[in-house]
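Letters are used for the chains, namely A, B and C, taken in the order the chains are written, and counting of residues starts over at 1 for each.
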Amino acid sequence: MAKAKKHEDANREPFVRIVKKGTPSRKRSVAVRAGSLLAALLICSAYILIVGKGEISIGEALSQMWNGTFGIPGNERSMRIMMWDTAIYAAKLLCISVALTPAFKMKFWNIGAEGQVVIGGLATAIIMHDYAGSMSKPMMLVVMITVCIIAGAVWGIIPAVFKAYFGTNETLFTLMMNYVAMKIMDYFYNMWKGKLSALPTFDKETWFPSLLDHSYTWNIIIFVALAFIMYFYLKKTKHGYEISVIGDSANTARYAGINVKKVIIRTMAISGAICGLCGGLTVAAQNHSIAYSAEAVHTVTNGYGFTAIIVAWLANFNTIGMIFISLLILFLEKGTGQLGNSFPEFSVGAGNVMIGIVLFCIIGGAFFLNYRLVFCDAVKNIFRKKSAKGGAQNA
Amino acid sequence: MEQKQKQIAVEMRNITKTFGSVVANKDVDFITYKGEILSLLGENGSGKTTLMNMLSGIYFPDKGEILIKGEQVSIRSPKDAFENGIGMIHQHFKLVDIFTAVENVALAMNEKGKYSLKAVAARIKDICDKYGFDLDPEQKVYNMSVSQKQTLEIIKVLYRGADILILDEPTAVLTPQEAERLFKVIRNMRDDGKSIIIITHKLNEVLSVSDRVTILRKGELAGTVETKDATEMSLTEMMVGQKVDLDIERSEPVDPKPRLIVKNLTCKNADGISVLDNISFTANSGEVLGIAGISGCGQKELLEAIAGLQTAAPGSSITYYPEGSTKAKELIGKSPRKIRELGVALSFVPEDRLGMGLVGSMGMTENMMLRYYKRGKGIFADKKYSRKLANEIKEELEVVTPGIDTPIRNLSGGNVQKVLIGREIAATPSVLMTAYAVRGLDINTSLTIYHLLDEQKKKGVAVIFVGEDLDVLLAFADKIMVLCAGKVNGIVDARTATKAEIGLLMTNMREEETLNG
Amino acid sequence: MLSTVLSWIVRAILFGAVIMYGSLGETLTEKSGNMNLGTPGIMCIGGAFGFGCTYLYEMNIENPNPVLTIAIALFCAFFFSALAGMLFCFLTTTLRANQNVTGLAMTIFGTGLAKFFGTFIIPEGVVTVKATYANSLFCKTIPLDFGESTAAQIAEAFLCSHGFMLYLAIIIAVVMAFFLKKTKAGLNLRAVGENPATADAAGINVSKYKYLATSIGAGIAGLGGAYYILDYNYGGWSTGAAGGLQALGWLAVALVIFAVWRPINLIWGSFIFGLCYWLYNYIVVFGIKMTSAQSSLLEAVPYLVTIIVLIISSVHKKKENQPPSALGLAYFREER
């Protein structure tokens, strides 16, 4: 016994070691995600209690958040308004996340969605502003859609070309492109606005046709459809296969005869084009105008160009899973907005804090998908003794 | 050598280490004495490096104890290892590319007094003088040759005052001259009272440089012998267990005809240095052309150039002659896809299996698709054919995998290679290129692979076989081309050539002699 | 004419100094291999807490002590930003989360926290609150008069028309350059960012260096936030100020690239960024008349210049001008 003890002392193991695991099982993924959300809920609850000085109950806060996202249960009008609003924003967030996915799968860190959306929206806006009435409506719509796709694609292709030929760091490049796009939009905004206090909406003749009483119904349909199309594009097509191979190893792709440069540029063109389409449709069907980049409301992107990166990553690049993640983000965003309206304690910024907490929990939780902690024998023994005791008691 | 009191430097007792379900080391005992050179011998995958990584603090043993100079210690990090006087020179050098030699040495040093790179440089010079190294302290690592980097690694370890040095496959990347110089330095260090452990699988090195040999087999200790009592034969037996029949099948070539003619092939790397210099040779159908050379002498680039993955300099030519036709096809300047579209049936088993030949995160089916996803019209990738093929290969080559959709990263090295070779052979090539096809595989899988390649040769395929083991090359190939620093130093008949002859061709000596003469 | 140029220089230096803090912090962080895209959020946190604490102090004390006022502002800005940096490092280093994603989440969190914290300070119904006393301290310039000649006035604009934070920024830049180039710890830190496996094998505690560099880096970036509110923004806090600070944070990330990861380059680099940023306001000095719309395009210049630097350094492939090799990658030792 004494000898064994001495052995243990000398062979001090590290208290806890981290071991990499293979591909996680489905059960484990679900458990980890649920655990992360639970942890987020706990922390947010504590946050709500502290900020509300204990006067706001968790249930009340959650129900306010629910009302702010999906409307007051039973009140049809409120539900209709809220759900439509949630749907269009969630769809927009979804669309940008979907756009980013092929690039991310290729390990091309496109964080320039913000700029690609803006430039697409601007291209459409230019047509709406300068060419209103100069062509037939169907023609007009076709041109509006085409230009935003082209503009977005160009914005995506520029960093891709430099990445493909010179290895220029795409994360930093696309990040900078965002601001260039925003400033160009500011230029047009200021020019059109002139001496007015705000930019009026564009000619109604150029608006996207409405459906089911909402001007942006088509947007929702198109954005959600894109998620499914992208799912099949990545899973089933030759292009999708090439993207996966490059994402794993560019060398293998070269070996297999895949033209890596071409695929990088093509994929970024697609990524940018979808972003551009999102921007164009938002301007044409939802905002009917553009906004100054420093303004907080009614911007083309709503800041989703950045949020979408998180959505795409949290959904593990599964574009259908992104539908749920987008809804979760919207719930947090709109719900906390409502919370702020109801309780002054939560007015500005509190929502973002809660979104941050939830994101940190999910991001941190992903660790347990790929790694596992191994405690040293001493710790294991404590657990073993405990469970042995428990077992004895049960018997 | 006079009889002297032997002091134990390191002792490892009952060491066990597992990675997931793989047992890398099982109950290994190991002893090194002060002032000796010990060879740690074993096949690839026998757990040599893992065992030493536990001494150098990279891994932590699951079980067992380590004693340094008689005291039990716990080595949890490389830092602990240094404090115990252990320094390891890894096969993949651990150097910071954009640092100078001095900066690399000064890294993580906790010397008392003022931080001064000048002082460090001065001490480096002392070490160089003492043991006979040659190194410019101000040179940046990215400008260094492999041998210079290795020198720097050794100096780094000595600088830290290590008296137990572990070298992992130190000669794998060196020319024989450089290796000889290294051995000289190692002997100097031994005479200075240091213990040196050399991890290797090369028998000639073991016999020429070491005092004692410890042999590992499949993660377990197979025994320790004095070098003077050992022979190549006895060591091989201990290394592989039972006496194995090293008879590799070699069928007689039937009706060889030129299949691939390479003329004046020159390739430059990104820095403008010629990695292939004016290479010319012919690969015949129904023959195995072995390629020998120290690793990094252009083997990789040569195969890649043929596969269309390297840009060749003007004047180069690679001509392909299809079966039963006189219409030659030029491959230079064509992409891999173009080459395939020309109808050139070229198969290539690259050295880096998971980094180049296969996709680790995908299953067998999707890895078959690497060749066949373009089949059929339309935008959808064809999976049917690949699934069928994956099942066939799994059956025929007895690939051990939970399923054809399990990521192949999770398979063992031998099974990964079977998937790769299986796919390349299934493409019914007329030229089959393999680079280090049996590296890291056990003997039985290796024999399977030689057999598969020989079958291809019988079918009239021109096989190009880049190998590292000269015995295998001599026993398996029909002709052997020896590369040295990107040049062809000679092409010999494998049935009549000797190991010594090839060894000589692998070095620069011959060429220098002709130049001087 | 001269007075316009002088005021342009003064503005540019002030603006540049604010982003210089962000860039200094981000440079230190990136040298450890961590790319913290949460810098804008962290600068907001620094601004909010630095401002908030000093504001509460001067509001509740009859005769605020000048040294204490400054100390409180700087300490709180540094401390809370450093905490945010530590959180980032915990997620990316210990839990090995993706750095881009974590950084962006940090920006959302940080701006949220800043705005939220601000509402604690701002009384209901008021948009802006001002820390007047602290502002007067941060704005205090060196009372030196070089004379009336053009040269003297230019020298004055460069040397002594600024608050102490500018000089502190320059000192930090010089110290950081010295630290990275001439000290043991600096050498080790660079090794961690270049090749963590090598650093680890050499016995360097990789995680420790990453934690320290990221936390201190975040703290330095946070100082810039406090500087922005208490000097550049005339001591006033509003929700809009947090938005402005966030936009500026992205410029700080850009400046790191522009300076090719060298602290000394940040000193003149930040001045150039400042000149570019304010160019639209002072373009008349070149005899060019511009509408406010066209001036928006000029605001894109710093970003365009950064893109050009990025392209040039990647085309040249000079080893010394590349980002730290392991930038953005998580390190795990027992990889097998």
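Remarks
Following the convention adopted for this analysis, a residue touches a chain if its C-beta (ideal position, glycine included) is under 8 Å from a C-beta of that chain, and two chains touch if they have at least 3 such contacts.
This structure is a prediction, so every number in the text was calculated from the model and none was measured.
Taking the mean of each chain's C-alpha atoms as its centre, the chain lying closest to the overall protein C-alpha centroid is A.
Set against the C-alpha centre of chain B, every other chain centre is closer than that of C.
Of the two chain pairs examined here, A-C and A-B, it is A-C that is joined by more C-beta pairs in contact.
One inter-chain figure worth recording: chain B and chain C are separated by 48 Å, centre to centre, where each centre is the mean of the chain's CA atoms. Here the spacing of chain A and chain C, counted between their Cα centres, is 27 Å.
Remark: chain A and chain B have CA centroids separated by 44 Å (rounded to whole angstrom).
Each of residues 334, 336 in chain C touches at least two other chains. Within chain A, residues 17 each touch two or more of the remaining chains. Chain B contributes residues 19, 56, 58-59, 77-79, 81-82, 88, 90, 94-99, 103, 106-110, 115, 140, 142, 156 to its touches with chain C in the complex. On chain C, the positions that touch chain A within their shared complex are 35, 37, 87, 90-91, 95-98, 100-102, 104-119, 124, 239, 242-244, 247, 250, 253-254, 257, 291-294, 296-297, 299-300, 303-304, 306-307, 310-311, 314-315, 323, 328, 332, 334-336.
Against chain A, in their complex, chain B makes its touches with residues 20, 60, 65, 72-74, 76, 307-309, 335-337, 340, 348, 350, 352, 354-362, 366, 369-371, 373-374, 379-381, 407, 410.
By the touch criterion stated above, chain A contacts chain B in their complex at residues 7, 10-14, 17, 22-23, 236-242, 244-245, 248-249, 251-252, 254-259. Contact residues of chain A toward chain C in the complex are 17-20, 109, 111, 162, 166-169, 171-173, 175-180, 183-184, 186-191, 294, 296, 306-307, 309-310, 313-314, 344, 347-357, 359-360, 363-364, 366-367, 370-371.
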